[in-house]
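Heads up, there are several structures right after this.
Shared between the two complexes below is chain A, which pairs with chain B and chain C, respectively.
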Partner chain A sequence: MSAATTHPFQTQPSAARRSESVIFWLFRGATYFVLLCGAVVFLNIFVKGSRTVFQTKAPFVNTAFFTESPESLYVFQWQGQKMELGDKEFRTFKEKNPAAANVKAESYVYCAGGIFPCIVGTVLLVVGSMAIALTLGVSAAVYLNEYARDGTFIRFVRLAILNLAGVPSIVFGLFGFGMFVIFFGWNVSLLAGWFTLAFMVLPVVITASEESLKAVPKGFREGSLALGATKWQTIYKNVVPYALPGILTSSILGIARVAGETAPIMFTAAYVVRDKLPWQVDHFSDFFFQGVMALPYHIYVVSSKIPQNEYTERVQYGTAFVFLFIVALIATASIVLRSKLRNRYKW
Partner chain B sequence: MASSAPADDRHFIAYKGSFRLFGLTLDDCIRVFFGGNAVVSIIVLALITYFLFREGSGFFGQNRDNLTVYRHAGLEYVDFIRTQQDDHAALTRYLSDLRVRQFNYSTTDKRLSLAAANAALAGFDDFAGQYGDSVEPIRTLVSDLTEQTTAIKERFTVMEDKKVERTQLLAVGKEAEAAAVRIVPIDFVAELKPILGTLPAYREASADFAKRLTAVLAEAPAMPAPELQTRMDRFQQLNAEYMAGFPAVTRNLETWDYNKPVPVTQAFSSFLFGRQWLTASFWQDWYGVIPLVVGSVMVSLVALIIAVPLGVGSAIYINQIASPLEQKFIKPCIEFISAIPSVVLGFFGIAVLGQALRALSQVAWLSWVPGFPYSERLNILTAGCLLALIAVPTIFTLAEDALNNVPRAFKEASFALGATRLQTIIRIIVPASLSGIISAVLLGLGRVIGETMVVLLCAGNRIAIPDFTAGLAVITQPVHTMTGIIAQEMGEVVHGSIHYRALFVVGMLLFFLSLAINYAAQRIVRRYRISIG
Partner chain C sequence: MVAASLMDTLAPAPTLRPPSAPAAASSAPGSGPAPAAETLIEIDHVDFFYGAVQALHDISLSIQDKKVTAFIGPSGCGKSTLLRCFNRMNDLIDGTRIAKGSIKIRGIDIHRPDVDVIELRKRVGMVFQKSNPFPKSIYENITYGLKLQGVSNKARLDEVVEKSLRGAALWEEVKDRLHTSGLGLSGGQQQRLCIARAIAVEPEIILMDEPCSALDPVATAKVEELIQTLRTRFTIVIVTHNMQQAARCSDKTAFFYMGKLIEYADTRNIFMNPANPQTEAYVSGRFG
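Presenting the complex of A and B:
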């Protein structure tokens, strides 16, 4: 300790400082503990799920898991070997080996095949509900930000939006079931699921869109109006185009939420199992009135509705991996895009 | 000026050939279109309320009918006696608990071998056996009566079904078939006569039971340790209270009237304050929401106890203490956690966390923690931990916003007065943003209480009020929740049945609960917002 480094304003060690640093470390610990918990969940699913999704041989990805429907798994002893075959393979195997016709096989439901119909179903649900939610939400935000003047009516609208955001997802499920499935008689269908999910995510989209619209400077509107454009022309040409990237990126978080919800589609759109793929319908109109399989519901089914055994873990973790991967991808895209956008538009 | 405007319009090129719909110009139409979309949120809210009421409101009428049948068919009458029997069973359980304690005392404190300990308990076992058998006269009576009353109820249900069948036939115009449906109204007075006739038999049985009980209790064995003896004394006291209740049972039976109307309020109170949710039972279905509410509240409490310190702590850290680099990295990460779908978290709870926590509870040096070790893998604690992970991002984001809104001048003034950073944070920043933090916590609670998949998968799904006598150990018991029960049973019920409607009423309760929480959060923010300047 040389004399040069000591000066009268140097921080002196004291009890107060020590306790301050201890408490700061506590806050820091809390923060990193939360991150650690999140990381544990992610890593657990990713590590165990990658065993199902990836394989050591080329093409390194278990393509069957992505392209086939869920099947039952048959396990049996054959000429001293333990065989594990899916439903279709087992049938062809029996045809090839007539001696195996009466072999005693244990069957495990949903443990073979893939999750292709679930992926398709989830994509359809997300695309449809987001189309509805974006149309309704962006229009509502345009009204709230461009047309409306403060008044009782607008206060009510804002109150409704705030309250709608807090309604539990299962209540949306009940509502969708009561209104679309029963009252409108749509049965368990894509259409019912779309509307239920769209209404659920509506507050998120409206809030996000309004923020983006608010960020467009007033001068843009005034300039356009001064040149003689009508209100609509101003909005259409000079406001929405600049707000659109913001609207879309913020709405992506809404997409992640829609994709992740199980409770609203449980009674409105999801089937436990369905043989046909969504486009295998007789009439075009039937497309909208069919139930689909969905990833989150499939996870629920395989993790609690079927008897657990050594083979179920494979499909459970595989499905969870794919699902989490999709949702994480969407969320990352939204976060990255948003920070990019923040840097690009500065006015 | 305004009246002459249309005449002038013709001269302006801009208005030439302008499009009009219902007297509105194109711009007005667009405005109305956007306005219509803005109203959608109000409409949706109204529709949710309407459809929950539409499907659920029939419940209370049906529940009243349900309770009326319970009374008319004499089930209530039998339940008076059955309660007496059940209370005896509870006392028997107390006795067997005492046996376990005595056994442990013999083996651990006295260091007797297992055989010797069992031999020492021979007198006690004899006593317990006699005590258990003393209820026999009552038990025989109850099982006879149960058969008879369920038969009455069964006949009544069949007749009701036939009535429905007839109205359906009439509705489609098949009058001949409708006339062929034979409906014999149940004559409850006649049906109940043999049941009410058992009252003297009951008096006799009850007296017999009381006599036997007194005789058995007089020979209660002495306990080897003072701690056990106090328990035995307590047992004697409980029995004395129990037997003092016998005349009340008899009185209930004497004054019972099958025709006493069930008040309308009971249809509500039996739902709101009912302590049993029992469906598809052979005896009587109960729709009491208390076990579910208690389950939801317990799980949410555990989640908040974990999530509030973590969420608020990390918000303070990120907003006040962290370096800009940390801020840039951690904020998106926590947002990322909020994107984890709840069903994946629930699956994680089943596959990993449940087992991990149970293994942790069985570590020897942690046995001082209340409730440890436990054997139920899925319980309040497991679900609460996962829900905390769901609540943390919500609380973090909102609390961070609130901290951010504290004016810079507050902080600078505090520093200028010589306060340290910690003092500034604790005395200035947090109090100034307290309303925002509280509303963040409330919104986190709303998020947690409405969460479905995690509790459905991880809370254990046992429909019973947890045993609060266990103290803090109550958090290691399985429960069922409001959201969980809807998700679990909705798929299996018959449309329009009382059970179906009961689930909608639970949904209604949940809906209003969430509205109330939301309202409180907004109120707090608006009421206690600090004004700048």
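Presenting the complex of A and C:
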């Protein structure tokens, strides 16, 4: 008893202290759980995907996976050996070995070849839709922040933007299908996909651009106007350039969404399979009116539209791996660009 | 009496014109018979509103050409509001209006609908309370206004940059780093850069809205010195919280209180011999 009260600040067990440590451990546990979930997802894709993407022989990367189109895989027994050949390889094999002409082969669709058209399609979709979203979004943000006077109409516009941000992506897909594919008659095309995806990220781009414009000090605007600049001269020489780093930050988020969404493009731009590459068109205007393959849609097709087997898993995880890598690459490029701009315009 | 003792304690820096020193009387403003000064800005019974709040009550005063006029008064007295009327910067704030009266520059009512506010602001430059060099190079800061006017001749721009920086007493300090960011300069240099930027477009009038409020005493002295050299070429209207500054660098001083013009006279008289008891109370430091 005397030992317990040697000094007035002696630690004493209390209910408050016990509940404190319980709560602390709960919060800590929640954080670790989130971390764990993320790690499991990424490691799973990384480990399973790297089996497809990398190989043990030089050049250690499965280049065919990146440069070829998807093909059917043929599996058959030949002279006691199990053969796995892609469509083209199988044909040349049969020409060389006439005896194999009638061999009984099991075919697995999309399980051979690569995903080159999907990579190209995704990059095209991202670039085009971000160009549209940034043009429309930054213009709208400039109008809302620099020109418009607060009023009922502007409040209504802001409410609309807020609501647009909450619309599920499948609804954007259906909207795009009704508006661009059917009403405008663009069919399933890059153009329809661009606009559908652009509308989907527009709220994010507008909101973030407006925040970046707000962050530009008022003094820059006043200083410019006081020198006899018009409002527009002030905006494009002395406001928007300084807001660009912030606008780019928001577009990084937009890029990840645009690249990853499946629902908006499944009715508007994506083809399950297409033999021709996007630049193989007769006339340049056809470029805009062709459908493309896309990475997320390819994952969706391979994992849900065809019978699952040991060979489809390779394509699924390989595609997911490449997809994550491309998104990371685009995001890194934007971050580099942003920090360059930031160093140029620092205040 | 109190005012006189204030003036004594404000021993001005030797480089500045001592407003009360008899030795300098011939060059001091407001002393001796000044040459008949021409009225440049005529403010005639102006009432100004921010929405429903009246900020200026029936202000009338005339500002003279090639003189330094100081506006003093406690915060919120309307002195900055009036200053910002001269280049119509208040247009940028929603709900502001001049309900009554007029402001004329060289006899032209600047709020007339056919007045081009862009042209007005080219003629009436402004230096702000918080120095606001653009996050561009020193060179680009100076040439900003000229480029807006379509000047693109490199030799001409170079010439103006040097002339303006010399005019703002900044040339020697920055001539070797014209292409580095204007934000790399010290606070006082930044403010002088803003002055150089304003004079580069050759305005007639320069409005200064508390240009030294964020500067240390040394930088303040430099800006005040600069005002003395600019006064021969430009008409300067300066808003200041710092009464000593008004005493040191202005010819005429206007004292505002609660949106009203209390007294407007030669600076000497405002500080040495104010006619209004409120002015005396303010300049002697009893309130404000």
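Please note the rule applied: the second predicted complex is superposed on the first by the 314 of 347 C-alpha atoms of A that agree within 3 Å, B and C clash if a C-alpha of one lies under 4 Å from a C-alpha of the other, contacts with A are read in each partner's own complex, and residues count from 1 in each chain.
Going forward, a contact is a pair of C-beta atoms (placed from the backbone, for glycine too) under 8 Å apart; a residue touches a chain by one contact, two chains touch by 3 or more.
Note that the structure is predicted; figures quoted are calculated from it, not measured.
By the document's definition of touching, of the two partners only chain B reaches A:E261; chain C does not.
Of the two partner chains placed around the shared chain by superposition, chain C is the only one that A:P217 touches, whereas chain B remains out of contact. Put chain B and chain C next to each other and count what each touches on chain A; the higher total goes to B. Once the two complexes are laid over each other on the shared chain, residue contacts for A:Y242 go to chain C alone; chain B is not touched. When the two complexes are overlaid on their common chain A, residue A:A226 makes contact with chain C while staying clear of chain B.
In the superposed model, A:V142 makes contact with chain B only, not with chain C.
By the document's definition of touching, neither partner reaches A:L197: not chain B, not chain C.
Contact with chain B, but none with chain C, is seen for A:S303 once the two complexes are overlaid on the shared chain. Touched by chain B in one complex and by chain C in the other are residues 230 of chain A.
Listing the residues of chain A that touch chain C in their complex gives 149-150, 217, 219-230, 233, 237-238, 242, 345-347. Of all the residues in chain A, the ones that touch chain B in their complex are 16-17, 19-20, 23-24, 26-28, 30-31, 33-35, 37-38, 41-42, 44-45, 135-137, 139-140, 142-144, 146-148, 156-157, 160-175, 177-179, 182-183, 199, 202-203, 206, 230-232, 253, 256-257, 259-263, 266-267, 296-297, 299-300, 303-304, 313, 316-317, 320, 323-324, 327-328, 330-332, 335, 339.
Chain B meets chain A in the complex at residues 26-27, 30-31, 33-35, 37-42, 44-45, 47-48, 51-52, 54-55, 309-311, 313-314, 316-318, 321-322, 330, 332-337, 339-348, 350-352, 389, 392, 396, 420-422, 443, 446, 449-453, 456-457, 483, 486-487, 490-491, 495, 503-504, 507, 510-511, 514-515, 517-519, 522.
Residues 87, 89, 92, 94, 118-119, 121-122, 125-126, 128, 130, 132-136, 144-145, 148-149, 181, 183, 194, 197-198, 201 of chain C are the ones touching chain A in the complex.
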